[in-house]
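The structure appears below as structure tokens.
Note that the chains take the letters A, B, C and D in the order they are written out, and that residue 1 is the start of every chain.
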């Protein structure tokens, strides 16, 4: 079913891009414990990505690596949030907080999908995302309610990432159709729960919900971010240098 | 006096020293130096491999590589903890590293130029590390030995994964095989040097062996390592870059050629290809993270104060 | 009173106002706003194209692109200078930009997703800019007119270079041609919107025209631009994404469809695809450069003091 | 003559890598005037590179773009200095100062080469390098003798780049042969003049010559820097995505 496969690409590409971004932190984190923690989260996301891309690939007779390494930028389906640069640690935590809140709501519902494979991956991912959310929330508190500088940086991180929140909850025809069939979760249906989950964390961290408008475009279409091509350039370079090689 | 006797007895019995036990200053200093160097090596050693995380050529390899570099961070943390039981703080040890006062294994001052280098590091560098580390699981200082047990378990995975990377390359396209051979050519000598200078030039070894920290001499360990990797290289179909390497029936060991000890000493003294780069990478991570660590400390303090205030209010019935 | 009369006379004669001349406050404010917005557009406008400097697909194209983005920095500098003659400092104008208080051309809030976008920006965005700017060379405020003369000379090169990029792509492989068409599809509408809202919704235009700053209405300029690019698109072998576009024999112009003014207003208000990204990039450059600017100022001050000391010593015959 | 062509690659690859590094500054410089200045220098270096690679290409029937875009990392011949990351502006100026002093001495002598093409490009490049040297020296003074922070950063920049100075002056068989034929300038012959040129600038800037040892390796061999592959990944991505295409 190509529709289900495309949906798996939506979710898998998100996880892959985020894993790639987080992977860059390893050996550069503010504490050695964070090298470990960020590597953990990166591996979880990469794990989701591998599972979802492999599943998507069954529809087109492609492997996870075919899909990860041999699609060009316009063919990816990720949202712009996960493609945003790491920036400083505050910016990364802002991205993590938003995405973990979103994935928490998504996977808790997707584990009831009528598609058994998606239900299984969501159930597994949900347990991991609980940790990601805890990690992001703890750091949001520490940074927001830490020093003046950390408060400013964390607030700026949220400001930078917030334009890409709305895209997480945009529906399209494919999603509407799959959710009617009980396979996908309709993104718009998650927004309220997301807001209720993230707002108290931001408030407790003495931070403010950013007053910034949603960035036009996105919606998993050809209107992706300028960053995507840079991410893929690095990720795909070696695989493409030796097409057909095994590793 | 009683402490010294007790210490000597523990060593003589090949038992274990615990942090609460009395120990000679030289023993303590030697251990702090050795364990912290080992911890620094894990932390600096993340860089050459992390250099390929974003470019790993398959998702499976990317996953394995992330896990491996993560393990190195973990090993660094165990080892700093073990060293801290000897009374030196992790902050102090890390500061010595950042100030260029502390040493780390000089192999990490070589660059990873291709993907095959990730394989060569796994196979040769982790292989040599294991050879060094397995006997350290029985080191007389108990916390060190315990840390090494955990480290060794994971290292043997790493060596196997490195070997597998090279195996795939060696059995891949001609370009892949050439890449693997080139990596082995560059890492073989430095890997053999990881055991330290020849025994004649290794003045500290004797004392370490007397204290049951070290169990085998540098040259013994090096020989074992060579004996181990020669058949592995054959299984890989790769050549070790040493024309003098050959089986010595009489000794029951492989003979091998003289290593370039001038290069070794010069890399140790600071002119490896990447010494400055590695330290700057570490310093940058540390400096860029300063505001985060300060925030965490400030937040912890606020929380402690809030808890105290709550307890006080409870006490006065407010 | 005499100033106003003299000013009105200059405008009536279509002569030029110089910085020393008296001018009404509204005229001054309008000019500062317009010139600084124009300067900001040049500076922010560097980003979408600079995004491709390191990836330009041939060395010749890389060279041309670097020169082009450099020209934009140069234009920004001329224009800030022109605005400064009206009594507002560049620092103040730049600060307004960084604080999100000042506007810049909303076209630069769209991303450059492929190399073809560099071509589309050159052809369409610089093309529209020229259409806007050529009449500004005759703006009543002399320093603005003079700055525009320099800018326009360079812009016409840029437009031609953009057209050439698209020409090569359009006559290249099918993938290249598709890339070119996609870029034109994305940039056509926003480029037409660079002339501002339709005349009915453009309340400030009338006053600017009365002051001889603006010479043609938004819709006039837009029509000229459409008339210019239609044959150019044909020569490129690319389609302009407007089903209503067709020659109107009677009017002697091309008719074209309604533009998406909701999108335009929403991008202006801040929700373009890259508004936050563009400002953050500019802020980062500014903040990362703060220590450099401080150093330059401190050094200049030291040098001035040293020169003064030397002069003093000379004076007292030391 | 393949030897002459290889020599042209040595010099051309240096210029190309440096142009690529400097190109990244454009739109990110500490002052808008510096966006202009660094773009200028980047274009000069790219101009040298194009000339030299085109000349080298005549020996193998390759274009400048064949050589720039379709060689792999081990085939490049650049020194490690020009591959070093931009870092902050102080680190970039340190690299500029060192390389401009080197190129100044090199081109002033190479303009007498018996190879007329090399002599011509050196004569042209020399005039440009005078400006690069002036630019780097002026900034070294401002940063070294500016504020406490700028002094520290400039000193650190020099420290970071200094291990790669020695490689600039290393001879090899090819260079020895070509210099005997009056075609190349022997790098070791430039060292003294280089030291005499750079030391007073560093001193006047109240800075110190870094006490750091030369980095082993290099010598335009297979022992290049970890950075080279990253530079090429980005530089070559598009050209390689469409092999054979014209631009």
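In this section, a contact is a pair of C-beta atoms (placed from the backbone, for glycine too) under 8 Å apart; a residue touches a chain by one contact, two chains touch by 3 or more.
Keep in mind the model is a prediction, meaning the values are calculated, not measured.
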Touching chain B and also chain D, the following chains
A
How far is the middle of chain A from the middle of chain B, if each middle is the mean of its Cα atoms, in Å?
34
For the pair chain A and chain C, the C-alpha centroid-to-centroid distance in angstrom is 36
When the C-alpha atoms of chain B and chain C are each averaged to a single point, how far apart are the two points in Å?
56
Please output the residue numbers of chain B that touch at least 2 other chains, ranges allowed.
55
Shared interface positions of chain A, touching two or more other chains:
233-234, 237
For the protein chains shown, what form does their contact graph take: line, ring, star, complete or other?
other
Let me know each pair of chains that touch one another.
A-B, A-C, A-D, B-D, C-D
Report the residues of chain D in contact with chain A in the complex, numbered from low to high.
72, 230, 233-234, 237, 240-241
Taking the complex as given, what residues does chain A use to touch chain C?
73-74, 159-160, 163, 212-218, 222-226, 228-229, 233
Chain A partner contacts - residues on chain B that touch it in the complex
43, 46-47, 50, 53-63, 66-67, 69-70, 73-74, 76-77, 115, 165, 168-169, 172-173, 175-176, 281, 284-285, 288-300, 302
Would you tell me which residues of chain A are touching chain B in their complex?
16, 19-20, 23-24, 26-36, 39-40, 42-43, 46-47, 49-50, 53, 64-65, 68-69, 88-90, 141-143, 145-147, 149-150, 153, 234-235, 237-239, 242, 244-247
Where on chain C is chain A touching in the complex?
48, 51, 55, 111-114, 182, 186, 263, 266-267, 269-277, 280
